[in-house]
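After this come two complexes, each holding chain A, first together with chain B and then together with chain C.
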Partner chain A sequence: MDLLKRYIPVLFLLALVVAVQLVTHFTETTYYLTQLTMSAYYSVVVIGLCVLMGYCGQISLGHAGFFAIGGYLAGALTTHNLMSFRDHGLVAVLDRIGLLVAGKDLYGGDLLTVEPWAACITAVLTAGLIAMAIGGPVLKLKGHYLAMATLGFGIIIFRIALASAYFGEADGISEVPAFRLLPGIDISGSFGARILNYYIAWVVVIVAIILLLNLIHSRVGRALRAIHGAEEAANAMGVNTSRYKLYIFVLSAVFAALAGVLVTHYNGGIGPSEAGIMKSVRYVAIVAVGGMANIWGALIMGVVLNFLSLRGVFGSYDDAVFGVILIVIMLFAPQGILKINPWQQLKSFLPLFAEQSGEETPE
Partner chain B sequence: MSPELFIQYLFAGITYGIIYAIVAIGFNIIYNTTGIINFAQGEFVMLGGMTAITMTAFMPMPLAIAVAVLITMVVGALIEMVFIRWLQSPSVLRMIIITIGISILAREAALHIWGESVRALPYFIGNEVTSVSILGARISPQVLWVIGVCSLMVACLSLFFKFTSLGREMRACAANRRAATLCGINAKNMVTLSFVLSAGIGAVAGCVMSPITYSDYEMGPGLAIKGFTVAILGGLGNSLAAVAAGLLLGIIEAFSVSVLPLAFQDAIATSILLVILFIRPHGLFGSSEAASLKEF
Partner chain C sequence: MALLEIQNLNRRFGGLHAVNNVSFNVEQGMIKAVIGPNGAGKTTLFNLIAGNLPANSGKIFFDNARINGRKPYQIAERGVSRTYQNIKLFHGMTALENVMVGRHIRSRAGFMAGMLNLPWTWPEEREVREKAMEYLDLLGAADCADTEIGNLSFGQQRGVEFARALAMEPTLLLLDEPAAGLNIYETAEIGRLISKIRDSGITILLVEHDMSLVMDISDEIVVLSFGEKIAEDLPHKIQQNEEVIRIYLGDEG
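After this line comes the complex of A and B, so read on.
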C-alpha cells in the first residue's frame, strides 16, 4: 500500500509525459519537445541537488562543475581524433578491446575516437571520484565556508575548461557525435530523433526519481532526515553522518555528470558557460523555489523554469529573473512556493509594522 | 629574475593584494556585526568604479569619485534595509542565497545600465606611460595612489574602530549583540552602518584601481572570491591580518604569472582558498579554539 502511494506520482508523471507528447503531436508544436528534452536533463541535476540540499542540508554552489566534468569529458573523448597516437601502446590496447570506434570525418580523413558508452562511463566515474576526493574535506565545512568551498571548486573547473586547449578554451567542444544507447536508439539532436530523444530524456528522469524516492524512504533516507534535523543528535544515535553526507554528495555529482554527458550528446557540443557560476546558482535557485527536501517540487520547477528560460521568455533578463526568484523565495517562502502558509507569512510580516517578535520557521 | 623585474612583480602583487585586503575588510566589517558573509561585496567595488566613470562626464574627477562613493554607500544602506533588516534570525543558508541573489541583481542592473564594455577612470596623475623609478623599476604613479589610498583607509578604519564612540558601539555589537542592545546601542542601526561602511571602502577601492585594472559589470564575483580567500587566510573578522594575507595572496599571484599561464591565475587563488578551508579554516593568524566558538 505504502509502495503504491509512493509510485502513484511516478505513474502520473509517465502519463503526463506521454500526454504532452501527444498534445504537441496533434497541435503541431513538436518544436517544444527540444526544450522539454533539455529541461528534463537539467532537472536530473536539480533533483540530485535537491536531495543534497534538502535532506542533507548541504549547499553546493559547484554543481555546474560536475555537470561540466561529465559533459566536457564525454565531449572531448568522443571528438578528439586518436589516429596520430595509433601506434601508442595504450591506444592500441583500447582499440583491441573495442573501446574505440573508427570513422570518417567531414573531409574523408580517418577518425579514431572513444566509444560513447566508454566515454560516458569514464566521465561519470571521474566526476564521482572527484566528488569523493573533495567531498571528504569539503563536507566537514559548514554554512559560509561550505558555500565558498563549493563555489571555489566550480570556479576552478570553469577556469580549467576555459584555459585548456584540450577542452576547446572559450569555444568549447562541438561536433560531438551521437550516443548510440542501443542499436537504433541514438541520443542526438537530429530532427528525426526528436520524439525518441524526448522519451529517452524522460525515462532517465523517471529512473532517477524512482532511485531517489527509494533512497529517501530507506534507512539512508531516515538517517539523512536525522542529519538535517540535528546533526549532533544523529551522530549520538550512531548515524555515521559524514559517511551519509559524502554518499549523497557523490550521488548528486554523478547525477549532474550524467546529465552533462547526455546534454552534450544531445546538443552536439558544450561550452564554458555550462560550467559558469551562474549555472550553479541557477540550480540552487530552482531547488529553493521547489522547496528544499521536495523532489517533486524541484522537478516541477526544474522543468518549468528551464523550459521558460530555454524558450527565451525572459529575454536578456534571464539571469536577473533567477536572481529575483532567489531573493523573493528566500525572503518570503524559504520552504518553497509549494509550501506557502499564508498565516505564517502574515505572522512573519508583523514585525515589519509593529516591533513584535514573530517566530521564524526553522528550515 | 633580475632585481628590477622582481621589484616590478612585487609592486604588482602589492597593488592587487591591498585591493583584495580592502574587499576582505569589507567582508569582515559586515561579518563582525551580523555574522553574514555578504556575497555581494565585490559588487560594491564594481558599482563604485562604474558610477565614478559615468560621473566624470559631468564633473571634475575628485568630485565624481566622492559622489560615486556616496551613491554606493546609499545603495549599501538600501540593500540592508530592504533585504536584511527585518529578517528575524535567518538561517545561514538563507542569508547566503539572499546575498547571492543581491549580487546577481546588482550585476544584471549594471549590465543593463552600462553594457558589457570595459571602462576605466583616467589616471589621477599623468597617463598610461607616466612612470616613476623605484630601485630601478618603473612604476606607474597610479600604483602608488592605490597603495597610498588603501593604506590610509585601513589606518582610518582601525582608528575609527578603536577611538570613536560609534566605532566602539559597532565593536560592542560584534562582541555581544544582546549586551550591546541592553546598553542602549541600537544594534539594527549598527548593522546598517556596517553595510554603509563596507560599501564605502569598496567603492573607494573600485575608483582608485579603475585606471589600472579597468572596470566592467562582471568584475564583482572574481574580486569577492579573492577577498573572501584573503579574509579566511587572515582569519575571518580580523582586519589587520587581512591586510597581511591580502599582500601575501597578491604577491603569490603576481609571481605565479612567471611560472604558469595567465589564464590559470584565478584558479591559483581559488585553490589556495580550498587548501586553507581544508587545513586551517581559522586562518593563518587565528586560533582554532576561538574559531570553533563562532558560528559560520
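After this line comes the complex of A and C, so read on.
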C-alpha cells in the first residue's frame, strides 16, 4: 500500500511527460522541448540538493561547483585532441582498451578523444571523490559556517574554470560531441534528436526521483531526517552521523555532476557561468520554494523556474529574480509555496485574529 | 565485573572541576540513581558515559570493554541508550518515526539497499514499524503515532522519547531527569514504568531531582557535590547520611 502511494505520483509524472510532448507536437510548439529537456537536467541537481538540505539539514552553496566539475571534465575529455600524444604510453594503453575514439575535426584533421562513456564515468567519479575529500572536514561545520565553506568551494571551482586554458577560460568548452548512450540513442542538441532527448532527460529524472524516494522512505532516510531534527540524539541512537552526512553529500554531488555531464553533451558545450555562485544560490532558492523537505516540490519548482528562466521570462533580471524568491520565501513561506495556507497567512496579519492563530511552527 | 564501571573519572571546564575523580559501579539489573545539588556534575557525568564529552582522565568500562574515547554512536551500538533532561526528539518527524529511529542499530539496510528498495529490506522495515508501535503502545502514546512531534504535549513527548530509548533494546538505559516537568501523577507513573523496565532486565542509571521518586525506585544511590562523590549507599542509608543532609539542607540544619 505504502509502496503504491510512493510510486503513483511517478506514474502521474510519466503520463504528464508524454502528454506535454504530445501537446507540443499537435500545437507545433516543439521548440519548448529544448528548454524542458534542460530544465529536467537542472532538476536532477535540485532534487539531489533537496535530499541533502531538506531532509538531512545540511546546506550547500557549492552545488554549481559539482555540476561544473561534471560538465567541464566531460567536455574537456571528449574535445581535447590526444593525437599529438599518440605515442605516449598511457594514451596508447587507453586507445588499446577502447576508451578513446578517433574522428575528424571541422577542417578534416585527425581527432583522438576520450569516449563519452569513459569521460562521463571519470567526471562523475571525480566529482564524487572531490565531494568526499572536502565533505569530511567541511561537514563538521553547521549552519552559516557550512554555508560559507561550501560557498568557498564553489568560488574555487568557478575561478579554476575561468582561469585555466584547459577548460577554455572565459569561453568555456564548445563543440562537445554527442553522447552515444546506446546505438541509436544519442544525447545531442541536434534538431532531429529533440524529442528523443526530451525523453532521455525525463527518464533520467524519473530514475533519479525513484532512487531518492526509496532512499528517504528507508532506514537511512529516517536517520538522515533524524540528523536534521536533532543531530546529537541521532548519534546517541546509534546513527553514525558524520558518515551519513558525508554519504548524502557525496550522493547529491554525484547527481549534480551527472546532470552537468548530460547538459554539456546536450548543449554541445559549457561555460563558466554554469559554475557561478548565482547558480548555486538558484539551486538553493528552488529547494526552498519547493518546501525544503519536499522532493516533489523541489522537482516541480525546479522544472517551472528553470523553464521560465531558460525561456528568458525574467530577462536580464534573471539572477535578481532568484535572489528575491529566496528572500520572499524565507520571510513569508519557510515551508515552501506549495504549503501556503492563505487563510492562515491572512489571519496572522490581522491583529483581530492574532490570538487564535497562535499555532507556532517548530524551528 | 559490573555492567558499568567508572574509575577515577575527571572532567574540567577551564577552572571548574565538573567531575572530580569519581568512581562507582552499576551492577547488572539494578536501578542506580545519581543525585546532587544543581551544578554537582550529574549531567556532565552522563555526557561522559554516553560519549558526548571526552574525559580528561579516568576510565569507563561497559560490558567489559572500555568505552571512553569512543563516539556516541559506537557506545549506542554496544547497548547504551539515553534520554535527555531537555527532551531531544527529531522535529519534523512523527512520533512513530521518532521511535523507528530507535530501531536503527537493530536493523541493517544501508544506502544502496534503501535507494534500490531491495526486497530483503521489506520484512525488516515492517518489523521496525511493528516494534516501534509496540514501544509507543507500552508508553501509552500509540494514538499519537502519526502526529508530528512538535504538536504533542510535554508529557507525550517524554513518553515518545522513552519509547525511542527502549526501542533500541538497550542493556543500560541512562535517564537524565525523567520526571522533570511532570506533575505528581505523571511522576508516579514514570516511577512504575522505570521499575517495570528494570524488571524486564534492563539496567538503569538515572539522574533525578525528585527525591521521593529516587527513594522509591532506586536500588542504590550515588551522591555528587561539586563534582565529587560524597556518598554511595542504599536509599534509606543515604537519607540518614549527615554529609548528604548537610549539602541539601545547609550547615545550620
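Everything below uses one rule, namely that the second predicted complex is superposed on the first by the 342 of 363 C-alpha atoms of A that agree within 3 Å, B and C clash if a C-alpha of one lies under 4 Å from a C-alpha of the other, contacts with A are read in each partner's own complex, and residues count from 1 in each chain.
The rule we apply is simple: contacts are C-beta pairs under 8 Å (C-beta built on N, C-alpha and C of every residue); 3 or more make two chains touch, one makes a residue touch a chain.
The structure displayed is predicted, hence computed values, not measured ones.
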Partner chain(s) touched by A:251 [first = chain B, second = chain C, both, neither]: second
Most chain A residues touched (candidates chain B, chain C): B
Partner chain in contact with A:193 - chain B first, chain C second, else both or neither: neither
Which of chain B and chain C A:83 touches, first, second, both or neither: neither
First (chain B), second (chain C), both or neither touched by A:148: first
First, second, both or neither for A:293, with chain B first and chain C second: second
First (chain B), second (chain C), both or neither touched by A:214: second
Footprint overlap on chain A, where chain B in one structure and chain C in the other make contact: 362-363
Footprint of chain C on chain A - complex, ascending: 3, 211-212, 214-215, 218-223, 225-226, 228-230, 232-241, 247, 251, 293, 361-363
Interfacial residue positions of chain B with respect to chain A in the complex: 37, 83, 86-94, 96-98, 100-105, 107-109, 112, 221, 225, 228, 232, 261, 263-264, 266-267, 270-271, 273-274, 277-278, 281, 295-296
List of chain A residues in touch with chain B within their complex: 57, 59, 61, 134, 137-138, 140-145, 147-149, 151-153, 155-156, 159-160, 162-163, 277-278, 281, 284-285, 288, 316-317, 319-320, 322-327, 330-331, 334, 348, 351-352, 357-360, 362-363
Chain A partner contacts - residues on chain C that touch it in the complex: 50, 52, 71-73, 76-77, 81-82, 84, 88-93, 97-98, 100-102, 104-105, 107-111, 113-117, 121, 124-125, 128, 148-150, 164, 168
